[in-house]
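Each chain carries a letter (A, B, C, D, E and F) given by its place in the written order, and its residues are counted from 1.
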Amino acid sequence: MFLWLLLIAGPEVDRLAAMAGKHKVYLVMGVIERDGYTLYCTVLFFDSQGRFLGKHRKIMPTALERIIWGFGDGSTIPVFETPIGKIGAAICWENRMPLLRTAMYAKGIEIYCAPTADSRDVWQASMTHIALEGGCFVLSANQFCRRKDYPSPPDYLFSGTEDELTPDSVVCAGGSVIISPSGAILAGPNYNGEALVSADLDLGEIARAKFDFDVVGHYSRPEVLSLIVRDHPAKPVSFTSASKKPKTLTNSVWSHFALTNSQMNKSSKAI
Amino acid sequence: MFLWLLLIAGPEVDRLAAMAGKHKVYLVMGVIERDGYTLYCTVLFFDSQGRFLGKHRKIMPTALERIIWGFGDGSTIPVFETPIGKIGAAICWENRMPLLRTAMYAKGIEIYCAPTADSRDVWQASMTHIALEGGCFVLSANQFCRRKDYPSPPDYLFSGTEDELTPDSVVCAGGSVIISPSGAILAGPNYNGEALVSADLDLGEIARAKFDFDVVGHYSRPEVLSLIVRDHPAKPVSFTSASKKPKTLTNSVWSHFALTNSQMNKSSKAI
Amino acid sequence: MFLWLLLIAGPEVDRLAAMAGKHKVYLVMGVIERDGYTLYCTVLFFDSQGRFLGKHRKIMPTALERIIWGFGDGSTIPVFETPIGKIGAAICWENRMPLLRTAMYAKGIEIYCAPTADSRDVWQASMTHIALEGGCFVLSANQFCRRKDYPSPPDYLFSGTEDELTPDSVVCAGGSVIISPSGAILAGPNYNGEALVSADLDLGEIARAKFDFDVVGHYSRPEVLSLIVRDHPAKPVSFTSASKKPKTLTNSVWSHFALTNSQMNKSSKAI
Amino acid sequence: MFLWLLLIAGPEVDRLAAMAGKHKVYLVMGVIERDGYTLYCTVLFFDSQGRFLGKHRKIMPTALERIIWGFGDGSTIPVFETPIGKIGAAICWENRMPLLRTAMYAKGIEIYCAPTADSRDVWQASMTHIALEGGCFVLSANQFCRRKDYPSPPDYLFSGTEDELTPDSVVCAGGSVIISPSGAILAGPNYNGEALVSADLDLGEIARAKFDFDVVGHYSRPEVLSLIVRDHPAKPVSFTSASKKPKTLTNSVWSHFALTNSQMNKSSKAI
Amino acid sequence: MFLWLLLIAGPEVDRLAAMAGKHKVYLVMGVIERDGYTLYCTVLFFDSQGRFLGKHRKIMPTALERIIWGFGDGSTIPVFETPIGKIGAAICWENRMPLLRTAMYAKGIEIYCAPTADSRDVWQASMTHIALEGGCFVLSANQFCRRKDYPSPPDYLFSGTEDELTPDSVVCAGGSVIISPSGAILAGPNYNGEALVSADLDLGEIARAKFDFDVVGHYSRPEVLSLIVRDHPAKPVSFTSASKKPKTLTNSVWSHFALTNSQMNKSSKAI
Amino acid sequence: MFLWLLLIAGPEVDRLAAMAGKHKVYLVMGVIERDGYTLYCTVLFFDSQGRFLGKHRKIMPTALERIIWGFGDGSTIPVFETPIGKIGAAICWENRMPLLRTAMYAKGIEIYCAPTADSRDVWQASMTHIALEGGCFVLSANQFCRRKDYPSPPDYLFSGTEDELTPDSVVCAGGSVIISPSGAILAGPNYNGEALVSADLDLGEIARAKFDFDVVGHYSRPEVLSLIVRDHPAKPVSFTSASKKPKTLTNSVWSHFALTNSQMNKSSKAI
């Protein structure tokens, strides 16, 4: 596990896509995206055929992050329909936003990815709750890193705690976990070091869970409570000639999900 | 803990109010309300001076409950401003409804009461998550009851499991719990039998939690995600002469909260 | 000049209003507003009769401020029509936002108040530019404070520079200034300590400046460049019953403008 | 420095392009363009390989200019991506138009050229402000000319001041200047006579400036304030067969920018 | 006939309306309108009941006028349907704009008012042509004024010709005229001094003229030639809350039309 | 001047071209064209080197003409760029069509030919107006003919007036005229009989006129008023194999323009 790695443009995205294709995995990966001179906390999605599917930008950075990152808008809250299920992601404390989650539930999310930097116990409670609330599988990935994974001071300082750290001190403890729609822990949480956390997912469990509680179906009350999601791009300046320019993307090894096709046994019969 | 006790009208409400006043406690209590020929799963609120504050009706009954109960509307999702804090309630799986919770967050709920009949471990995860998400204290009360608390068969049957039950078999295991806005467990969960679960609440913790995550404040994105709550009464028939008729209320000893003034040390200094 | 003073509710606003009325001045003052559990960087407006006119909330906090403050929306970008001219305000680096300024120009701002914490020379260039661009008077107030105006360490630390500071070290150098629509410096910039900066304003200068350059009139090209200002309140949750609750406001002595009626000689003849 | 030199067609543009190529400079030059029988106040762009890149037409002439010049539309507000950075231009008081500047910021302008005829001090303030606001380098060129550079009366009259002028009287005082994105003056302002003003530009400064204030990125509020730029050509008559006819261009030595490749050390590493 | 008289607000419009009502005439009158700090060359319309009908703003000022006046947009090119016919106006050289005229033809203009400051013979040719082209009555009013109607030098100078003028020199020679749809001169042109020019109009002539040539009917070729009129207001800044503020208007005695009901014999039978 | 001469095919066109070449004149001549079984009212253009330049078909025949002639489309509204200026034509009342004229103005017409059969005074007003409106020279040719120029009754009848005519009665009075862009009459109108009307044209007058009023340049408002000209051929039946068939042309001596090179002194110095 390394430092944030700021990359500038398309080549990295192409390499990630190629990796996903080579290993035949769906890859959902947190990166730092640069668009113009503003950075976004972003998740990239790749399919097992090596195609870049799209991205989610964190819509509200957390605490100090707000100094670094811009704010995503409603146009990058995707849920991708894939052969292994409908995949989307919310980043770190964004997972605490009930309206954002509801937007993804409404898009039919089945494989809910939650990259995070929060290794506290209470994070696990939220992951379990989201699985129950959304009737979906929750896959939360968190980095495991030690002091020595970062540059030595003074190049990099853990302000306030730097003096107490040895090279082997754990500075982020991991806790990656996979939870079923009924709240069962399928894998993890792993706090022991870098690891690949995996589980076979039976998508039929979603149907069984939603039979009891369908948050955007029979268990909603739309006449009383209705959420508006403004999902058009919000730009400070729009040009009526609307030329599309290619996006530049940057990434990091912040967090990642690697789902192999074999691990994802979609039992479509059950849906 | 007793059987469901179906009450029909005002006298029971008056008696409950008197009890709250006598014991100088805020009383939040689940009841079965009858209005006309329809029953509602309802929570009643009383203050420590013996006044009935109002009620919340469950807006979506769960599973088999839908056979018995009607559906509340947006006019009975109250949050009461009291000297000990802003109090509201959601009933059982209604707590899984992200839009309902958000409506209460927007009303500034500080003491979030969650009467339930769910004694599973995953319930605890949801309670912790709600405390974190809403930046509020969560007080969840669940009944503890054994087979002998119910009438003997054939008057009352636990269908499917009746044969496996002895008089002392636990049929609902409790799990009442009090959680702080930071997700810390202040009391419970209690699975040992009937009990009074209590904790001193420092409302200053709410400010400290919301500093990091204010779900309806700085951590919202209202231009992207906005919730509409239709909180006027929804009636199938409205008369233009709009006569107010007195409400009839029913109650049960299903669940309750008894908060003494002394337990609720509102430390306004900390805000 | 003191530390940030966090106030909780109406009383402070009432006292400020009374002070404005007593001294017969228009008072435009930066405060820290608390609404629920979110803080806003806010400017309050009072008239010389002791009435609270309204407020502006900073729509985008600067750098580290984003951790502390929420984000204003389009509903609190007011320009108040008063007997001494049309008054509005933008806070600190918000003054660098060309679209925000243009919104205020379109509202006819004549007395443009720019409370700031930026005492650098380049701030003065921006103030002059805004006067020219908007064809308005610009009044920028900045605090003058020394290390001793803040609590001693460790209660309060100027991180990084604390060691170099003596009690008399200037930590914010002021620079309050008043500029005419033609870019002439009428008073200040004052970097010498706490002071009252004042000037007589001849509003006729606005007409003379706009004759050459009217940014929202004859010198605009609305068919080519048009700005949309979404000035309705943006709330995460809206209740259809729309009850108005009184706002609570907090303030600080961060910055202030005191305009006496006599100083503001509105020469309406010249318009 | 000479009189306005009205040229009629392509040959002059070709010669300017050849000059840029011969001297290996990027040339940004104010000219008077004739299209049909209407004149436009125009800036031409040439690259260091001797290619004509395109033009910007002033969208709103100033004061008396409106008698002479037509009005540019949204189709000629270019920002050219070149190896030395993204180059665009606004002409004279057009630089005071906040919406026009914002359109160019949105196109990613890095080297903002501001040819002008304004030699007053307040012009310098605007240049500094634009550098800060846009997070870009600002290069403003103004002509330096004396009475003798113009024809003698009665062929040419400086109305009102003609009597006070000697042949050596300065009639436009120059003031060409180069400013960095942080507002630092890199060269000039030069008021001493004709001169070549030059500076090395480190484009990495743009990234450093935008980290704090990105006017069209993290420091924008697109959901509140959004600018529409109608950038299609606006023609009184359009023919559906849309034949492209070559443009005729005229020029003057009004103002110019000569940027050598060596002066522009693009430090892309810093971005 | 007097100097331009710049008025500031509503009272003048109210007085003009009252005058129209008192004398029972339709009043079409050129004024100088002030909106914010920009002036417009405007025509006001009043009916014989003393009501203000609306206004037309000159969409393109002429020559030196462009320094003084702003540019009208497509939203103020009205044709008012009244009991005496459909009335509209174009101001001075705007009458030379074929697309503007066509827009008014398409609105069915019957009484085409052309206030002007052009007293040359060729103006009469244009008036006749417009009557033929549009199949409408043309009423052109021009001021008659002498040097003594203006302030004495140096308060007011006719630059270039001041020395040649005596107090009785005519500086604008009038030429008000009324022309029928067949090109017949019904009254005027009057070059003799201030006068009231009047004629009885038989609207049936319009039908007879359009029988031969209906510029927007049987004599148009819409498949080949089609005019787009963008008649929504063009504003540099739009607020989504769209509050309408009352307009302030200014006027002059520049030109006027006074049509009495008796003079306007509308022979609706003939249409 | 003769009877209408209906010509069917190429030979006549060739003879006219040869005549133009022999006499070294530009020839613009009204003819009756037959295409298939439909006749068009057409103008042919020839240059002084004996080349056929192309044709204009009247897009809307007048009154009874509609019985005889078809309708031209947008593909035959040419303006030819020639050494003596840009030449185009509109036929008779087509000159009253403001959108057609504007299409030709947009093509840069400098020598506007207006063959007509209208000898009324009001025609002269339209010609003067067009010269002013378009900033171009207008050359209007009208036939002069007597009763005896036509076949005797009953072969040809002037219905209604035949009885009042003597052989010398003038049935079309001529009125050919040449007008400058400033509206000055350069030659004619001639009502005395057949004649050659000529004038020297100084094209520099166009630039002087357009300086004040450029109908498709600085005096247009393209964002408000825009004309679409569909100038592709409009055919009732199109074959995807798109074979080009040779055109057949017919002509008459209806009207003609003969411009010698010497008469057209193009003074390009003046532009």
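Quick note on the criterion: contacts are C-beta pairs under 8 Å (C-beta built on N, C-alpha and C of every residue); 3 or more make two chains touch, one makes a residue touch a chain.
Treat the numbers as computed from the prediction; the structure is a model and nothing was measured.
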{"item": "Smallest number of contact steps required from chain A to reach chain E", "value": "2"}
{"item": "Farthest chain relative to chain F (centres taken as mean CA coordinates)", "value": "B"}
{"item": "Superposing rotation of chain D relative to chain E, computed on C-alpha atoms, to nearest 5°", "value": "180"}
{"item": "Reference interface A-D: repeating pair among D-F, E-F or D-E with over half of contacts shared", "value": "D-F"}
{"item": "Result of counting contacting C-beta pairs for B-D and C-E, higher pair", "value": "C-E"}
{"item": "Centroid spacing, where centroids are CA-atom means, of chain C and chain D in whole angstrom", "value": "33"}
{"item": "CA centroid of chain C to CA centroid of chain F, Å", "value": "67"}
{"item": "Approximate Å spacing (C-alpha centroids) for the pair chain A, chain C", "value": "40"}
{"item": "Cα-centroid distance, chain B relative to chain C, in whole angstrom", "value": "45"}
{"item": "Residues of chain C whose C-beta touches two or more other chains", "value": "63, 71, 73-74, 99, 102-103, 105, 215, 220-221, 223-231, 234, 236"}
{"item": "Pairs of chains found to touch, sorted by chain label", "value": "A-B, A-C, A-D, B-C, B-D, C-D, C-E, C-F, D-E, D-F, E-F"}
{"item": "In the complex with chain B, residue positions of chain A that touch it", "value": "59-60, 62-63, 71, 73-74, 93, 96-103, 105, 120-122, 124-126, 128-130, 132-133, 182-183, 212-213, 215, 219-221, 223-231, 234"}
{"item": "Residue ranges of chain E touching chain D (in the complex, touch as defined)", "value": "63-64, 66-67, 99, 236"}
{"item": "Partner chain A, residues of chain D touching it in the complex", "value": "74, 102-103, 105-106, 108, 135, 206-207, 210-211, 214-218, 220-223, 225-232, 271"}
{"item": "Contact set on chain D toward chain B in their complex", "value": "223-224"}
{"item": "Residue numbers on chain E that touch chain C, as the complex places them", "value": "8, 35-39, 69-71, 73, 230, 234-241"}
